[in-house]
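There are structures below to look over.
Each of the two complexes below includes subunit A, the first together with subunit B, the second together with subunit C.
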Partner chain A sequence: MNTKNWNNRKMKDGFLRSLIYLATAVTISILFIIIGFILYKGIPGINFNFLTRNWDNKTTFVNVKADASKAGDGAEGYISSLGITVKEGDKNLVITKIEKNSAVHKAVNMKNESYDLKKDDTITKIGADNTEDLSYTDALKLLKDSDGTLRLKVTRPGGGIVPMFVSTIYIILLSLAIAGPIGISAAIYLNEYAKPGRILRSIRFAIQNLAGIPSIIYGLFGMLLFVQTLKMQYSILAGSLTLSILLLPTIISTTEEALKEIPRSYREGSYGLGATKLQTIAKIILPGALPGILVAVILSIGRIVGESAALIFTAGTVAQIPEGLIGGKSSAATLTTKMYWLIKETGDLSSASSIAVVLLVLIILLNIASKMITRQFLKKTGNG
Partner chain B sequence: MKKNVSNQNKAGRAVEYKETLFRMIFLLSALVSVLSVIAIIVFVFAKGLRPFFGKDAYSFLSFITGLKWDPNNNVFGILYMIVGSLLATLGAIALGVPIGLLTAVFIAEIAPKKIVSVIKPGIELLAGIPSVIYGAFGLGIIVPLINKISPTGQGQSLLAVICVLTIMVLPTIISLSESSIRAVPKSYREASYGLGASKIQTIFKAVVPAARSGILTATVLGIGRAIGETMAVMMIAGNNIGGLPTSIFSKVRPLTTNIAMEMSYASGRHQDMLFATGVVLFTFIMLVNFTLIRLTKRLGNEGPLR
Partner chain C sequence: MSDKVKFTVKDLDLFYGNFQALKKINMSIEQGKITAFIGPSGCGKSTFLKTLNRMNDLIEGVKIEGEVTLDGVDIYKDFDAIMLRSRVGMVFQQPNPFPMSIYDNVAYGPRIHGVKKKSALDEIVEKSLRQAAIWDEVKDKLKKSALAVSGGQQQRVCIARTLAIEPEVILMDEPTSALDPISTIKIEDLATELKKQYTIIIVTHNMQQAGRISDKTAFFLTGEVIEYGDTEQIFNKPVNKKTEDYITGRFG
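Coming up: the complex of A and B.
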């Protein structure tokens, strides 16, 4: 045997093998660095308040019924007439504790709607006096001596992601409600009805093209058609309609894959029993394809959660819980668009990373869910 | 008896009616995709081509060959953006395809099952991470790193864009290459071993060449993803207002970024010009799409294209 040749080959093999290991190591370490970076930057900003509060501070005037006859003293800052404890804040009073039967639970705003005060709310105006003009002791005294209906200006601190979370869910539900039925019906047509020919070719061509269009183009289109031409303004409906088109290729092809998995014999059995095509689809094919359809839904949710370019110019970047489908008050930022906005407008990478941690958790949960469904499905059909 | 028959007919007709109705519904749903593509093309092109026609038209030639973007002075040139987009894509593919392909080889041919069951979910996660997070990562890690080595003292550069885009195309390339490598029949490997080839030789001389059309598809998909990527790139590209990139440390302003940066406040001709940028981007994407459709046809695979 030619030893030189043999050694040469061994060296080449070793070199290529180490290249393979190197490439894999690069891929894996990228994943770890990204996740590590996001966690490192984002975890410190995540706390109970971040998850439960509104984004913006919210200031409201409320009326409460103070009862001076309720006596009792406790620690400094305890206000017996209202049943709350306050402490000195930055030129205001911060509520630190609220008793169960406190009068502030029955507070009403200027429209006479119930507005329950909460811990951490700050009082910035008592009656006609701004707290910044009063010393702490004076402010306390004013509160303690008050009797009857008392008007307070209360600021609820923000810094939380609740509005973006709610908007994300709204947009997910709306987009799926639009794209789901259309996509599934389209997949049924393609797999069950369509015959090879011009129509089928053009539909497939269109779907393949839709899948390749980048989301910024969807954003341009959505802005032009829904926001401007149809006068929806920046709104969750405009955003969801844009996303629906973007989701169609995913939903159609995933559903189609699931429909293809249904054995021919099922269909033939159903026809043999006298069922019509529609009955076969409704009673045999769709139930069988349900796991696949669920996977399509989960994939779509993942895309919606991660989407930003298509939403910025259609749904806007305002952190509020949308009221209504179209018009000024229905503009809403999802978690991802808000994260983009934070980086671009404020350069605040830490808060952005905190949102990113929430996004990562959502994505991981969605991945696990789709895995579990697929596995269950494989077990059932015995294809695993 | 007669009545009974007519009743049956009636029921039959009702069933038939329903069948046709639903058939139409399914067909219409399928046609929504076609309509959407047509609508997107018509709307974007109609608005994007408007500034080049009619009175006070902007010269298309100076638009497509211009090296400066200055909306306030009615100067709209995008050649340097096209160059930026192409260079960034080229770089990302040049780095991403070898790394992705070798990783795919590892997963499909070398790694034991246990390791695969750990790596694959990781790569799926990488595919699912929103592009904004990649942007944050680029801004927080890659840009400061480049800042240290760059002669211009600027971290936001072509190099940063290439790095982030490489990472973003990796999952696509890995998962598609992996499945096409796995699809190579076992007999290829056995024949290669039978001829006395080593495992590595078999992989690179028999398996990878046999999987080349799948790998090519993965590459084209990666190109599409890289050229269309917006949010991550915007944060790290530097977005200069003119001039061709001279080195990998130069700032760039890819086409997508140009649209996304100014769309929120642009109006009139400025806005139309952003749509015109979109038209140019769209043209590139169409080229990629057509190549892709050709390739998949050759593969005989009409499966999902994501």
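Coming up: the complex of A and C.
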């Protein structure tokens, strides 16, 4: 070995090594830039109201029983007959404080259902008078002087993500309820019952390919089948069914991997004691495969949370808490589809970023949960 | 103990695909005795053991010809494999406790056979662990994972697990090959103790072990039974030259 050759090799080695370091640095910095940018744009928009309020403003007529006999002067804007304090809003009265035994806690809407008023609700109409036609002092006087049942038009401010959050949870639960049992059963069939051969190979091949299909094709399929043909309209059921199909390949292959991990000796031990195949599966194989199945579930949740294309065409983009499984009232946007909608329809990038921050936190929490569950489980069975 | 025959095997052939693993096996296995199968690796002794509780059914491509009867009933024609295995229990080469507590391991068999009452299960678990001579060692950690005890203890838990289904026959497939000498002695003593109530068939690599504990010994070679008889006779006055060569350590 001569020195020249040696130096040459060393140089090459150093060059390649610095390339590898550079690639790693680029990857990591891109990740940090993306997350940093989203946090920078999104965090200012996140506050208590963003996390607890409805998305749209909601206007409701309510009846409250004012009690003029409850005299008393309080601070500026205090209305003793109702037990609330208001301040001047944008041509309106905004409730800033509600007493504990206030009459507005017993308010009812036009269907005679209880509708509890909250802080920040805006009174836009008192009886027959629009507050924007009155001066603040007149409106205040009108409220203060009223006695008996009083009709108010109240607007509750929106701007929060509660409906999307709830819809996301609903769709997660529904999709898992559909895809989980089917996927796990299919994995059990493929791994425990199916005879190895051409048919099994083709089924596996089909499942692998299913996993690679772009989700928008699932969305299109879901729209044609569930939304239109089966007349479910944009609804969480149509969305969840579409997602279920999309999740099946992942659930099946992850579960199958977990089933394969169960040592042959466990099965032999069980059969050797006179257990049937089903007993062996239920009592030995499935419990052993549980960590793997949990991983499949967590992966699926991540997929659902992140999915937009398959849901836009099937569950819609309406920001409401879904009522029922099918039909217009059950149409609902998840956090991700709402984000898509915001960027595309309104260009409201800061709200979109705020939702993105919530999504990021959600995903990180999910990952931590999955790690903890798996570790806990391994500890319990003594496998770890 | 009478010399009642438990298993009768007639002209048994076994094929893995095209390979013939067992050739024309004929044997009577007596009740209440320990019968040992010896022979070099790949001679078919374990395969033969597994035909006695139909564990070979679980392997793809196995074909069996001939007749095996348990108490005169053909186990391949007139028996359900599940039923058979609850009468003919098995202990494996590697201790294979399930990844659950010692209690649940032993209670597994009774539970799958329909015993639900806690008090009945408690009783079976204690009785089986006592029979397997491990009760004193594990009685304080019944709720602990069976994987947390030593290999020798695991194997005795597995024996207790088999005893819990109250079989008539216990098949042991090299039960001490993964264990240290002290654990091995314990299992051997246990086998000697258990033959009062059970018929035991043991496959072993260890000739001294066969000599120490068995009443009858069968010597297998390339899928055939070369010689079968009283252990004393096989070890001291083997009839067949090959048996003598194996016993004296000329091959194996």
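Keep in mind that, in the parts below, the second predicted complex is superposed on the first by the 370 of 384 C-alpha atoms of A that agree within 3 Å, B and C clash if a C-alpha of one lies under 4 Å from a C-alpha of the other, contacts with A are read in each partner's own complex, and residues count from 1 in each chain.
Throughout what follows, a contact is a pair of C-beta atoms (placed from the backbone, for glycine too) under 8 Å apart; a residue touches a chain by one contact, two chains touch by 3 or more.
Worth saying up front: this structure is predicted, and the values here are computed from it rather than measured.
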{"item": "Subunit B versus subunit C as contact partner of A:L31, first or second or both or neither", "value": "first"}
{"item": "Touching partner for A:L366 - first (subunit B), second (subunit C), both, neither", "value": "first"}
{"item": "Which of subunit B and subunit C A:L273 touches, first, second, both or neither", "value": "second"}
{"item": "Touching partner for A:G197 - first (subunit B), second (subunit C), both, neither", "value": "neither"}
{"item": "Which superposed partner A:I312 touches (first subunit B, second subunit C, both, neither)", "value": "first"}
{"item": "Partner chain in contact with A:L225 - subunit B first, subunit C second, else both or neither", "value": "first"}
{"item": "Touching partner for A:E257 - first (subunit B), second (subunit C), both, neither", "value": "first"}
{"item": "Of subunit B and subunit C, the chain that contacts the larger number of subunit A residues", "value": "B"}
{"item": "Overlap of subunit C and subunit B interfaces on subunit A (superposed complexes)", "value": "276"}
{"item": "Subunit B-facing residues of subunit A, complex", "value": "9, 12-13, 16-17, 19-24, 26-28, 30-31, 33-34, 37-38, 41, 181-186, 188-190, 192-194, 202-221, 223-225, 245, 248-250, 252-254, 257, 276-278, 302, 305-309, 312-313, 336, 339-340, 343-344, 349, 352-353, 356, 359-360, 363-364, 366-367, 371"}
{"item": "Subunit C residues touching subunit A - in the complex, by the definition given at the top", "value": "53, 55, 58, 60, 82-86, 89-90, 92, 94, 96-100, 108-109, 112-113, 145, 147-148, 158, 161-162, 165"}
{"item": "Residues of subunit A that touch subunit C when the two form their complex", "value": "196, 263, 265-276, 279, 283-284, 287-288, 381-383"}
{"item": "Of all residues in subunit B, those that touch subunit A in their complex", "value": "15, 18-19, 22-23, 25-34, 36-37, 39-40, 43-44, 47, 98-103, 105-107, 110-111, 119, 121-126, 128-137, 139-141, 167, 170, 174, 198-201, 203-204, 224, 227-231, 234-235, 256, 259-260, 263-264, 274-275, 278, 281-282, 285-286, 288-289, 292-293, 296, 302-306"}
